[in-house]
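First the structure, then my questions, so here it is.
Letters A, B, C and D mark the chains in the order given here, with residues in each chain numbered from 1 onward.
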Amino acid sequence: MLTEDLKIQCTELLPAISFEEGGEWLNAYVASEDLKSFLGKLRSLPGLEFDYLFCLTCVDWKTHLTMVYHFTSTIHRHNIVIKAKLDNSNPEIETVSDIWRTAEMLEREVYDLFGVKFIHHPDLRRLIMPDDWKGWPLRKDYEDPVNMIKL
Amino acid sequence: MFSLEGITTVIHEWLNNHFSPTLALLTEFILVGLAAIALFALLGLGLVWMERKVAAVMQIRLGPNRVGPKGIFQTSADTLKLLLKEGLVPDGADKFLFNLAPLVVMIVAMLILAPIAFAKNLQIWDINIGVLYLSAISSLSVIGIFMAGWASNNKYSLLGAMRSGAQIVSYELSAGLSVLSIVVMTGSLSIRDIILSQQNGWWIFKAHIPALIAFVIFIIAVTAETNRAPFDMAEAESELTAGFHTEYSGMRFALFFLAEYINIFIVCAVGATLFFGGWMPLHIGHWQGFNQFMDYIPSSIWFLGKTLGLIFLIMWFRWTFPRLRIDQLLNLEWKYLLPISMFNLLLMTIIAIMGWHF
Amino acid sequence: MVEEIGRTSEGDLIINVGPQHPATHGVLHLVLTLNGETIKKVEPHLGYIHRSIEKMCESLSYRQFIYVTSRMDYLSSHINNHGCALCVEKGLQVEVPQRAQYIRVIMDELTRIASHELWWGAMAMDLGAFTPFFHAFRERETITDIMEKTCGARLTMNYMVPGGVMAELHPDFQKDVKSFIQLYKSKFEEYNELVTGNIIFQNRMKSVGYISYDDAISYGCSGPVARASGVHCDIRKLYPYDIYSKVAFDEITETGGDSYARYLVRLKEMTQSIRIVEQLIDNIPEGDFQAKTKAVLKLPKGEFYQRVETARGELGVYIVSEGGTTPYRIKFRSPGFSNLSALEHMVKGLKIGDLVAAMGTLDLVIPDIDR
Amino acid sequence: MFLKDYIKDVYGAVRSLLKGMRMTGYYFTHHKEIITEQYPDNRATLLLAERFRGEVILLHDEKNEHACTGCSACEIACPNGTIKIINKFDVSPEGKRKKALDTFVYHLELCTMCNLCIVACPTDAIKMAQTFEHSVFDRTKLTKKLNNEDSKLREGVE
């Protein structure tokens, strides 16, 4: 499906969606509370069927965090990038691990490194850092005098 | 000519001429014990070296080549290292059983040496139920492995021991049945009689294809019984790190290691005795000239040659095949080997009764 | 006496596979819940080799960060570097000279063969056969020698730079590659005799670690793991980069979805890689090996995503740029991470031996997962 | 029918196993295929590729001159802080102060052999050496000064 068509269809599904110009694929901003239901529709509606979540990550913009979801469809071969802004101090978002199973591990990684809490996640624990680790390493304000060597 | 034949007789007569019968017997006991231990050490070292060399060449490597010519003293150096190492006992281990286990395995391996004929008239104990004794004792070693697995207080060890138990109990059956098929042919349980019955040809040739099948089953079963790859479920180092001897180090580990090779030697010696006539040279029917020529080769060479040949076969298996899974291992025994060997025993019995063998 | 520790309330055994375990090929830590020999639960614990490469890259310039990515999936370091270089080029909008593209693709495919060779040997070792490992290394060694001559290193090459490759090919390169192809072809049948056809291997791998088409997609599997379940996901075919659109090769898919299918996919992929190299090796065009780039690279503000097909699957390089000389945020979508997440689904209810067989055919490289 | 399949199974299995054994048997009897390199013994004949990256060296010619102008391009290019250039100021006979290399500090323990410094060098003063036996017992020995004593900049290199 062409980017323009995707844009129209996404706007139909969620009027509050906003698009970002530029970039290789269609970039769409979704409010964090609408995300779960919107992504559910993206996964299941015929013609869209974004069944392959190939990247799930987060970006710290100092003022806020942005969740970034990269989707592709193995049936229609179209791609979309969905972003959701999160509050810096108490980032919370619904999990999508029940829609895409791969999200379970990826969300654990994001929780571990950015401190984003995924509501209804089946097993939200630290994945990479030790269980008793303090802080969220990939945030921009993270300081670790022992392990981070400044050249 | 170099020969080990009659060496026992000479010693026996010399001792009886010089000492009282009691003292002579006692000296003989000690001599035999020392000989067994020495043989043990030598065999262990030699076979480990052989294994490493065989493995290396099959894996396009050189293998040990630094200590001594062709690395022949490598295994002695390794043993020395193991002797000097600290033998650790893990926390929470059952210390008594933990220490006992390698000894049990070792003693069992030593016990089986008794009825084996190393050359003409060179046998520690010519017992009239030799074959029965062998199968009875050889299944005891699983107790040592169980002990090691339980006492280590390690779950890998426990799993390894459980696997080993299931495996040895199953494979004992088909090993026993294939041994029995030769017993049926000879009508005797004594090792000596079995060897003598192959005066005019070895059983593997004399008893047609059923003997060949029995031999193949025997080799598979004993490979499993000695916990060798492709049946090394008890060790399975890519699954259970080292299985039942995960927690063993130093000399205790060395004992397990040596016992494994002694066990291989023994089962191969038994195989050589049953199917290839032990020390009996290659005789073919009534070809007198050929038979006499073969007799010139000492019986001990015949025995060692056959045994080493079988050991090589088992090593060849190990460095070619992957490991079976535990359920496949049991499937192989109960679905394939056991039915085949039972049917085969029937055939052998018919051959023996009808006298169709040579 | 022996205490009862490490048991669940149902009496199941909890066992730690790793971080030091022969089958995990590194420092992966799996916590297994076992009922006898049967696996009830697999829980991966990661991070033993976590170096926070993503954070490191935030303070390195666009030329510098590429070398770090060799240390992620060290078995396909060329392809990692290639993905990063492509992503930076996408931002800079640099046209890479044809010669450099040819060299890059040849190097990628040689790396893929080398990686699959190592996997083949290591997987056979997982299943208990030691000999294939050494035989595989014989061929792999030839490739690393070729790499060493041209790139100067055997494992972490750092040969791809934004705009092309770092150095001209070694004069012997074409000759060496051709002799490698000869060697490979003469030895390939051996692989089938020693492993593929072997009844024990087949029994160990068939219907073990099954993952269906839908599950493979849902778990985000990529590379040979997904292709063994019938998913068409070869980035080289779907989103061709450099000159992959010009070379003829087949995307290997199987429908089995089990370990054996994954095994076959990888084995056939090696042959396809040889095919690609054969097509290109004689036709490397003359020209520059590197495009002219500025001394200090600055990516424009924006986001850039590049997908490449490594030996293990789809690697994604996601660069968020603020217009500076260093990336603002960089994310590597590693294939092993997603493939590992499917492990529990694959092995639930199977035996410990099957775990090893399934893990072997997932071809995990732990630094790739932990980053 | 069942029996036929059973026998076929067994036959096929045995055949596949024998094939594998033939392969290992071939290697057992063909010692020419052995590929082991006896490393410390073959040092004399060991050939390393000329591009092999062992460590960074500063090239000196027979007059004890090097081509390093002390521009610090390598220091900037290095991702790990492996190189530290310490400059001094020579005073030329005409009284002009000229920047020159004082010490080229190289931390081998930090180096990842990425070759970026070599590429960055504008005067080709440094290159990668083929040495690879770097292990020492004392970590401080890995911090090296690459320019020789009293070495100076080659004439004509700017």
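Operating definition for what follows: a contact is a pair of C-beta atoms (placed from the backbone, for glycine too) under 8 Å apart; a residue touches a chain by one contact, two chains touch by 3 or more.
These numbers come from a predicted model, not from an experiment.
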So which chain ends up in the middle if you average the CA atoms?
C
Among the chains, which is located farthest from subunit B on the basis of C-alpha centroids?
A
Look at the interfaces B-C and B-D and say which one is made up of more C-beta pairs in contact.
B-C
Where the centres are mean C-alpha positions, what is the separation of subunit A from subunit D, in Å?
42
If you average the Cα atoms of subunit B and of subunit C to get two centres, how far apart are those centres in Å?
45
Per the centroid of Cα atoms for each chain, what is the distance between subunit B and subunit D, given in Å?
51
Centroid from C-alpha atoms only, then distance subunit A to subunit C, rounded to Å. What do you get?
25
I need the residues of subunit D touching at least two other chains; which ones are they?
17, 20, 23-24, 35
Considering subunit C alone, which of its residues make contact with at least two other chains?
131, 138, 194-195, 198, 200
Touching two or more other chains - residue numbers and ranges from subunit A
151
Okay, in this complex, where on subunit D does subunit C touch?
12-13, 16-17, 19-20, 22-24, 35, 48-49, 51-53, 77-79, 112-116, 119, 128
Can you check the complex and tell me which residues of subunit B touch subunit C?
55, 58-61, 92-94, 150-151, 153, 155-156, 159, 162-163, 229-230, 232, 236-241, 319-328
In their shared complex, subunit D is touched by residues of subunit C numbered 60-61, 63-65, 67-68, 131, 138, 141, 145, 148-153, 156, 158, 161, 166-167, 170, 190, 193-195, 197-200, 202
Subunit C residues touching subunit B in their complex are 1-3, 6, 13, 15, 21-23, 34, 36-37, 124-131, 133-135, 138, 194-195, 198, 200-201, 203-204, 351-356
Touching subunit D in the complex, subunit B uses residues 54, 57-62, 65, 316-317, 319-321, 336, 340
